[in-house]
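Handing you a structure now.
Labels A, B, C and D are assigned to the chains in the order they are written; within every chain, residues are numbered from 1.
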Amino acid sequence: MTRIRAALAAASALLLAACGGGGGSSDASDKGPATVKVSVIPIVDVAPVYLGNQQGFFAEQKLKLQFETAQGGAAIVPAVVSGQVDFGFSNYTSLVLARSKGLPLKVVAPGNASTGADKKDFGGVVVKAGSPIKTAKDLVGKRVAVNTLNNINDTTVRASIRKAGGDATNVKFTELAFPDMLAALDKGNVDAVQVVEPFLTTGLKNGGRLVASNYVDTAPNLTIAAYFTSQKTAASKPDLVKRFAAAMRKSLQYADQHPDEVRKVLGTYTKIDPSVASALTLPKFPTQVNSAGLQTLENLAVQDGLIKKAPDVKELLP
Amino acid sequence: MTALGLLRRALLLLAMPVVLVAAWWVATAGSTDFFWPPLSTILGTFDDTWFHGRITGDVLPSLGRLAAGYLLALALGVGLGVAIGSVRVLRALLEPVLEFFRAIPSPVLVPILMLFAGIGNGMKILVIVSGCVWPVLLNTVEGVRALDEVLRDTARCYRMRPHSRLVHLVLRGASPQITAGARQALSIGIILMVISEMFAASNGVGFTIIQFQRGFSIPQMWSGIILLGLIGIALSAAFHVVETRVLRWYTGLRRAQREG
Amino acid sequence: MTTAPTGAGTAGTSTALLDVRGLKKVYQGRGRSVEAVRDLTFAVGPGELVCIVGPSGAGKTTLLRCVAGLLDCTSGEVVLEGEKVTGPPRGMAVVFQEYGRSLFPWMTVRQNVERPLKEKRVPKAERRRLVDEALEAVGLAKVHDSHPWQLSGGMQQRVAIARAVAYEPHILLMDEPFAAVDAQTRADLEDLVRSLWQRLGVTVLFVTHDIDESVYLGQRVIVLSNSPTVVLEEVRIDLPDERDQLTTRAEPRFAELRTRIYKLVQQAKDGHRPAE
Amino acid sequence: MTAAVTADAAGDGRGGRRRRAAPGWLLGLAGLAGLVALVEAVPRAGLVKERFLPPFSDMVSALADEAGTGAFWRALLETLRGWAIGLAVATAAGVVLGVVIGGLPPVRAATASTIEFLRPIPSVALIPLAVLLYGTTMRATLLLVVYASFWQVLVQVLYGVRDVDPVARETARSYRFRTLTQVRTVLWPTALPYVMTGFRLAAAVALILEITGELVIGSPGLGKQIAVAQSSGAVASMYALVIVVGLIGVVVNVIVRAVERRVLRWHPSVRREVFS
């Protein structure tokens, strides 16, 4: 209700009224599958949920998934908190940020994790072929593109630099969307780019050189992202959340064991070229949240000044 | 005007905005909704958020890019518009191409512009130009074409030189349309100032608002939206002042025509 | 009558200031062409005031635009002061019918009058004098800082006349200049033209559809046929040079001339043309 | 003066376009062909890398691939639907509010400042708000579309209502027309050209905001398809979709102009342009 009132205050009452009120989603009822709305970013990382849906893991739990795609976690979090969607996908750092501001979020299942293998991860820092940058340490004083500033990628790149013994405070991060990075690197607008698949494969194929696997450098088997819901949903529909988490875990496990099917499902919700899809490095799809990794990300967020005080990790975890 | 009349005017001018702001204040007072903080909280963060380094660090760079892009678009739009409006062949040749480019929303062009202009201020200025140029260009073309035949003949008869014909006839004659286009371009420019900072930015009002949104600093984000609104209002007011000066003859002419 | 021009009645002679020879104008449209002017030949001597009348649609405006160099003629030629007209010539000023559209609305009265002088690169002091005199002559000295649209129609046309006069042209073309003003104003403006002509000795070619006006103003009236236009007849106006609205128009000779031209115009309307 | 009709939006040449001769039409095609050739040649010549700007032929084949998928057509439909709904809501709200506000002087006086305050607030400032309210659904984008195009209509309608001939209004009032009749017979016909101008501007703005919203927010439609193509590195597909968006814009523009011409066929502002 405050929402509507506030909207009135914002003097767009007329317009809002014309558009109708906000949407909600159906309750979990006993008869028939419950429709749940899941908000995801259409990237490689969320392949398991699409694959699991295809495999009927959600139907088994009497869940009917309805996907809504967003451009980033920043749009997904409010949608989940306000109940527009039931579950969302976001990286851990975003969740930590949100939690530190007091947003009532709850992780229900892990999303994806680093492969843990150096130079064989699904994301990393790429430089141009002839670049003098050889290691993460050489990134000091250079311009590095990340997809969002003050988020998981710049903090993990800094971690990488620290690990290599460089001064992590002396890096010029520029915000650039993944698709635009390789062009910017090529033109010399930036010295290095932190990319994830499929751009990592494309970048390397076009003569780029991988200098660091920032997720691997941050922590062993770092969990990158997770599926989450609001504390309200978690409290009011515990059964629904449990069923979703179960189906999700099954999907993650299946995805982890069937990489070829993961590659195939990419074609259903992205426009990744099949030849790239067959070559790219897939992330790990763990079934358990790695709370140590989460703690590491939290510490990085504090260290790099994203937040002042780290929220209790347990508040976030199921 | 009497004091009473002045008071009445002031009342009319301010009553509605005051009521709306008051309504907002009351409606959100004591709000616990994370995304809809009380107006008092938002205004409380305003000073902290914007007046300690961000004016020079974000607001001015944004406005600088806006000014550069806007003025460039004006020059380009008027220049091309005069050429296209005056040369029939050019108009016929370019019209469909221009219609096509105009129909492409500027945000879509950003990745393409990045290829040619990199990711620095140049790209952001180009984004602003790419959106602002159309209303100026099209209105200039129409303005030039709508120039009075008799006035053109007069200029020819008195052997006005090309330069002074451009300045004293074409540009002045098309100025009502050019101004209308410039006004549209200004509001588009503010929009694109924000949008351009969504891509590869490291400072700016739009950039900051989005950082706040991503970092879930909601009252700060709201203060940014309010700041954008204020910037919009201030620029529109400034434009109005210029417009009134430039078009004083036109308003008078129109009034005379209406009465006559 | 002191400075009255002496070149009256020198039509067709080589001393003519303006010579129109075999002028023909065909408008080329898409797939069709319209012959507006077929064959016009006449001359205007220096200092003469010649009126051109003809029925509506007689191509008067086409003729004037060709003479002014605003329009290329299809064949024939217009020669002004011994030079063939290919574009708006030097030493010529035009007063258009649409006073509201021929003045620059964004300029003041003064700026409007001054603009052509600036184009001519007249020195500042000289410019000032010319503008002041011209405005004084048309009775607008007081409103020089107004914009044209703040003035009445008659006053706007005075501005246009002042602009033409200040330009110091050798020939002044007037295209139905008073067609859109009320009768009273019109009489005043007619007298203004007569007096300016007499004072300045400028050659005037005055196009009108008003027969009375042509008789009252002109030394000579050229009557045009209907379109495609040729010269139907030239009439000498042998009225005294001192004319005024009351007495001149009351003279029997005025009535005769008026009747004569009226008949010619009627004939023209009925399609009568000189033997071809 | 026709200028009256388009005082704000400035005449977008309802006149000229129609009179364009066949060669002009051909020239237009030549212009487009030139653009196509340029886009084909620049990457082929290696001036820009093909993986950043693929040659035109690659875009076309990507477009053909797109057209073979259901997702493309669904997205197209989503975009058109969002655009149409947003435009309809904005037009209806703009016209109704415009007539009410413009028709009642006290209301107009009271709201003028508010309108001037709200109008310059950029619609993208509302993106975070729209996302908070409606998530990433079509409604979030609809909010932007309605907000942005609403002002276009409202402002034009206000201009239109203000332009109502005071004499006509007095006449209507003296005949004691009922309010509705007054609106229908006096206000509406005068305001209609303005409404159409507003509608035309709104149609273009609505499409731009629809695509922008889809692109930035991620609500379903072509804009989102572009974002997906972009984030998948499918450059040719992305350009193909951009071309589609541009073409839709052109088609929308053509249709709206045709509608405008039809609706206003009887209106003097159009008739005058036809004859001028």
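Following the convention adopted for this analysis, a contact is a pair of C-beta atoms (placed from the backbone, for glycine too) under 8 Å apart; a residue touches a chain by one contact, two chains touch by 3 or more.
Everything quoted here is computed from the prediction, not taken from an experiment.
Peer 1: Which chain maximises the distance between its CA centroid and that of subunit B?
Peer 2: The most remote chain is C.
Peer 1: Most C-beta contact pairs, which chains?
Peer 2: Result of the pairwise contact count: B-D comes out on top.
Peer 1: In angstrom, rounded to a whole number, how far apart do the mean CA points of subunit A and subunit C lie?
Peer 2: Here subunit A and subunit C have centroids separated by 82 Å.
Peer 1: Report, in whole Å, the distance between the mean C-alpha point of subunit B and the mean C-alpha point of subunit D.
Peer 2: 17
Peer 1: Between subunit A and subunit D, what distance separates the C-alpha centroids? Give it in angstrom.
Peer 2: That gives a centre separation of 36 Å.
Peer 1: So the centre of each chain is just the mean of its C-alpha atoms; given that, what is the distance between subunit C and subunit D in Å?
Peer 2: Chain centres of subunit C and subunit D, defined by C-alpha means, are spaced 50 Å apart.
Peer 1: Where does subunit B touch two or more other chains at once, residue-wise?
Peer 2: 20, 35-36, 111, 115, 210, 213, 257
Peer 1: At which residue positions does subunit A touch at least two other chains?
Peer 2: In subunit A, residues 3, 10-11, 78, 82, 177, 179, 183 touch at least two other chains, as defined above.
Peer 1: Tell me the shape of the graph of touching chains, choosing from line, ring, star, complete and other.
Peer 2: Contact pattern: none of line, ring, star or complete.
Peer 1: Can you name every pair of chains that touch?
Peer 2: A-B, A-D, B-C, B-D
Peer 1: For the complex, which residues does subunit D have touching subunit A?
Peer 2: 49, 51-52, 89, 93, 97, 114, 118, 126, 129, 131-137, 139, 142-143, 146-147, 150, 216-218, 224, 227-234, 237
Peer 1: Sort out for me which residues of subunit B touch subunit A in the complex.
Peer 2: 20, 23-25, 27-28, 31-36, 39, 111, 114-115, 118-120, 199-202, 207, 210-211, 213-218
Peer 1: Could you list, by residue number, the parts of subunit A that touch subunit D in their complex?
Peer 2: Counting only subunit A, the residues touching subunit D are 3, 7, 10-12, 14-16, 18-20, 22-23, 39, 42-43, 68-71, 75-76, 78-79, 82, 84-85, 177-179, 183, 186, 198-199, 202, 206, 269-273, 276.
Peer 1: Going by the contact rule set out above, which residues of subunit D touch subunit B in the complex?
Peer 2: 1-4, 6-13, 16, 20, 23-25, 27-32, 34-35, 48, 52-53, 109-114, 116-117, 119-126, 128-129, 132, 204, 207-209, 211-212, 215-216, 223, 226, 230, 238, 242, 245-250, 252-253
Peer 1: Which part of subunit C faces subunit B closely enough to touch in the complex?
Peer 2: Touch list, subunit C to subunit B: 65, 68-70, 87-88, 90, 92-94, 96, 98, 101-107, 115-116, 118-120, 147, 149-150, 163, 167.
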